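Letters are used for the chains, namely A, B and C, taken in the order the chains are written, and counting of residues starts over at 1 for each.
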Amino acid sequence: MQEQIPEEFKISPSLVFYMVASMQIGIGILGYQRSVTKYAYQDAWISVLLAGALLHIIVWMIYKIAEEVNGDIVTAHEYVVGKLVGKTISSLFIVYFFIYALTVLRSYIEVIQVWMFPEVSTFWFTFAFMVLCIYIIYGGFRVVVGIAFFGLVIPSYLFLTFGYNIKYADFSHLLPIFDTSIKNIILGSYQMSLTFIGFEIILFFYPFIKEPQKSKKWAHFALLTSTLLYTGLMILAIAYFSELKIEKSIWVTLTMWKIVQLPFVERFEYIGIASWNLVILPNVCVSIWVASRLIKRIFHLKHRNGVIIIALFMLIIISFIDTREKINVLNNFTGKMGFGFTFIYIPLLYICIMIAKKVKEK
Amino acid sequence: MKKIPFMVLFLLIMTGCVQEKIIDEIDIETAAAFDQLKKDEFIGTILVQDYLPDKTIINKVFTTEGSLRRDLLLNIQKQTSGDLVTGGLLITIFGDKLADKGIVDFVDTYQRDASIGSRNFLATSHGSALEILKGDYGPQGVSNYLYTLIEHNINQKDVPVTNLHIFLRDFYIKGKDPYLPELRRLNKTQVEISGLSLFRGDREAYVLPKEKMFFFKLLADRHSGEGSFDVNIGKGRKSAVRSIRSKHKYRLSKEDRSQVNIQIKIRGEIREYTGIKLTQAIVDQIAKKLEKEIEVECMKLVKHFQKLDIDPIGFGYLHRKSIRGYDFEKNWKKDYQNLTFKINADVKILETGVIE
Amino acid sequence: MKKWIKKNQTQNGRKQSEWEKALEKSKDFKKSFHINKKTNIPFSLTFVTSLVDEQIIQQSVLPNLLADELQTISDIKKILPLADVEISNDPSQIEQKLLNGYVMLTLKSNEDQFGFIAAQKEIVRGLTTPEIEFSVIGPKEAFVESIGQNINLVRKRLPVKELIIEEYTLGSLSKTRIAILYMDGITDEENVNTVRERITSIEFDAITDSSFVVQLICDNSNSPFPQLLDTERPDRVSSVLAEGKVVIMVDGSPHALITPTTLVEFFGSFEDYLLNWILSSFFRLIRVFAVIFSIQITPLYVAVLTYHYELIPRDLIGTLIASRRVVPLPPILEALFLELTIELLREAGARLPTKVGQTIGIVGGIVIGTASVEAGLTSNILLIFIALSALASFTTPVYKMANTIRLLRFPFLLFAQLWGLLGIVFCTCFLLTHLLRLTSLGRPYFQPIYPPRIKDLKDSIIRLPFSNQSLRPYYLHTKNRTRFNKEKAHMKKDIDE
């Protein structure tokens, strides 16, 4: 029932780090500070740390599930509820990843439209992006992971530029620490959903990992990296702005770039936004890869055709999302969906697998 | 079939294009000035620097009247030959009457417009803002001149750090009021920084004279770099002390929460001395004298701010971050008036120049 | 005897076979008849005059054949002072042997047996210095057009039995000799097999140069990137053989092909190994910078001047606007105009004889450049950028890669015009994907950057000292990874010992 992946298409365990980290770091990071500070004020960074810490448990569960069934989530579903129901549940995740890719891409286009080119056509940009994604995915999983790798490595220079913000930062803005109620801190953590999700793809590409045991530490390490990055940026944003100013900005991280000045570049945010294309790319193309792979696993459609179908759907649907309002609704929905999947569904699945295992052993 | 990709690429190039802003075909707004005309009506002035092939700069000034900032921009578009763009803005000056009325509406558009950078300078003017832009201050162009004027006074002289970002940060933080440098036109070719406009909210409440700016910078900038001050130790012996670096610390007194302890540390050098011999004793005397002067002057300043009910130093914010669960909205107004200050200055002269 | 000769001549029509008919049309085909002086046995020699060395025939073959005792055809092995003498009775070989420069000997007594005497004429250009991969220091020998000579140059540098040379003859018309070189016990068997398979499955009529082979066996023929490294330096070939790569040599081509190869290898010159590692690392980094600069600078100019005026520093914007004030063309056309001018100059310089080419380059560069600035067709700042980027593109040591890099800027230019900086990043994404998809001999082209192999970085965009190079590159999957004993090489004495 489970297909075997030939050895040459598998990736080495350390690449899981790039997959997970580049999938997590995407569109959320451009403006997550706002929604978190709304609840947790100057303690928002605690919310971020808390959310990051909790996610390690989820990653641990993901590995447990995958190890138990020795396969991806489709195998896990079939293991628990049988073939037909399992496939039905799994097919929901095609939609999940489709929406995830849609959210990321549309939000990025919005950033472009607001910050760079108000006239850029959503349709044509999506079209070009989809062509790129198809080109990547046709190259196979190795190329997809390669893009994840470069999507993390090349733009990492961008984070150096936040050094300029430190000059203007006043870290006493973080005082008094722990002034916010626990409830608000947790509410703040909940707001991090959209920013943090992405690591759950381990459950989908698990069969592609060479020696998956060894990849565990890399997955946790990736999670730690993104958590520290988010926490660092959160602290910096609080120190650099004041809370009320954070609440007014939609893209806090981008606004922070406005102060950066290099000897040969007067305004850095334009370079940052353009470079962000490379950060967004793995988000979208890995999601499409997962979605089209699910199509292949469930409906036995050719992978090549699955990708085209998803790209077409993307082109059609993205044109309907045209206002800030709708994008916001989409963002919130994706955040909730991600929260539901990671914090509710995965533990549930984990428990089911454990029960099913007990039953089958008897 | 093979032709399809090319056709799509062609279509993409034809329809996917975005609006071009070729640098020599646009008019880049580099400075702006706003003056109050009547109630709800403003004069907006926009300065566009034009560069000729022989690299001389022409300052083109466009003026219009209107009741909204957007209106002003639209009106001016009708006067310019190229597309007027705001991304190159360096400095914005608000006339004194306008500053008295409040400038938040103008500043709001500045943070909404993504093309405006955070390192812009905002300034107020003594008198008409329009007149400042109409001056001619040399070959580098008016807006470049004004920008570098303020920039160098921040880096080397007594103007506390300011720009659009800092103005907005101070404006939005609860318990702190913003400040801006004030410019004054002396004549057609000269302009000076004549003081600091201190705001209450977004309205100008007080103009700090330029003599006091050294002390204000000590109080306002967390780390200030250079700044200089003359010390007179009597008997015609004067010396100029240049601060190399300074630091301040605000603490609410542990025993009495309504007392703020201010500590100011200065490390400086003597640049000029008019006496006969500069001995260690005299150096110590100068330092002592300077300490005394700083304490007295800073005390005068904070007392004055308290009286005017403005808070450019951020004592309100100090309360918020030092006292857990402080109800700012309810208590601050009363607490500020009851606040007492204790200032302690510490001056160390590190160098006395290359001669003894 | 005379009768026999006559008979042979008159009966030509009856006895002639296919090959003889065809060959007789050529003027350089010759058949001569002789009689041995001792045994009076008549024999004939058949050969293609343009292919054989007449000196061998006159000095070593004919005198011996005429003077010594020649009874049966097997006697020729005894009487001829030559090593390559074969006897065969397979008439199908004749044509090939004759066309490879053999002299065919037949005795009248037995016309079904043929003796083949090797008398090839080797017209070889003398060894010259490498011209494309010139290096200031180091060996000055370069390959020539003869495969025998070339293999000799490599063998000399690797005098071990592990160096295996396999030979194939390919091309339905050209019958080109192609050799595969590898080190037994080091080179990955799988790589050798892949090369063997690809070489033997070539279907082509005339293979005149190794560049034909490159295009026929590369993994993706629709890529502008060269996927096999070609070199004219025997020292480079021997060093990559020792590393565990496979080398392909083609008769008639002064370039050997190295495979599998990676992108970064194209930016290393052999001279890097001759210099101190600090210097060579610096030069390699300079080259990588030059490539990025060369591809990106004109598109960046177009993107920034067309869309992103905000990016230009305050002090520079005046200079830029002033230089563009008189230019009527939009930046994209201005850039394309200059880029094409440079391409024209390069192409013209490459087609003309060296001395004229140089003149054209200088005259064209100076005159056209200055004139177009003065005429207000282009801005002088762009002229500087274009000239710099052209210069930078020539720092790439491998000629074929340098050509690719020159081409790459054009799609970047189009995308820059379309979406500014965003377009440039978009195009970069496409380029990255393309490079990620490329393989050389089935091995990823982008190694060791991706898949990341930290240990292989020791000889990539930097080069660490030889003492750190004790292991062969991981990606070659060599059978024996150690090049030398690191412990021995690393014996360090304590201070003052």
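Please note the rule applied: a residue touches a chain if its C-beta (ideal position, glycine included) is under 8 Å from a C-beta of that chain, and two chains touch if they have at least 3 such contacts.
Since the structure is predicted, the reported quantities are computational estimates derived from the model, not experimental observations.
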{"item": "Chain contact topology (line, ring, star, complete or other)", "value": "complete"}
{"item": "Chain pair with more C-beta contacts, A-B versus A-C", "value": "A-C"}
{"item": "Closest chain to the centre of mass proxy, which here is the mean CA position", "value": "A"}
{"item": "Between chain B and chain C, centroid-to-centroid distance (C-alpha), Å", "value": "66"}
{"item": "Rounded Å distance between chain A and chain C, as computed from the means of their C-alpha atoms", "value": "46"}
{"item": "Centre distance in Å when chain A and chain B are each reduced to the mean of their C-alpha atoms", "value": "41"}
{"item": "Overlap residues in chain B, where contacts from two or more other chains coincide", "value": "12, 16, 18, 87, 117"}
{"item": "Residues of chain A engaged with two or more neighbouring chains", "value": "117, 120, 128, 266-267"}
{"item": "Residues of chain C whose C-beta touches two or more other chains", "value": "307-308, 310, 312, 314, 419-420"}
{"item": "Footprint of chain C on chain A - complex, ascending", "value": "11-12, 14-15, 112, 116-117, 120, 128, 132, 135-136, 139, 142-143, 146-147, 149-150, 263-267, 270-271, 273-275, 277-278, 281"}
{"item": "Chain B residues within the chain C interface of the complex", "value": "12-13, 16-18, 20-24, 26, 28, 49-55, 57, 85, 87-88, 90, 115, 117, 141, 144, 147"}
{"item": "Residue ranges of chain C in contact with chain A within the complex", "value": "307-308, 310-314, 419-422, 424-426, 428-430, 432-434, 436-437, 444, 446, 450-452"}
{"item": "Chain B to chain A touching residues, read off their complex", "value": "8, 12, 15-16, 18-19, 87, 111, 114, 117-119, 165-166, 168-170, 172-174, 222, 321-325"}
{"item": "Chain B partner contacts - residues on chain C that touch it in the complex", "value": "305-310, 312, 314, 317-327, 330-331, 414, 418-420"}
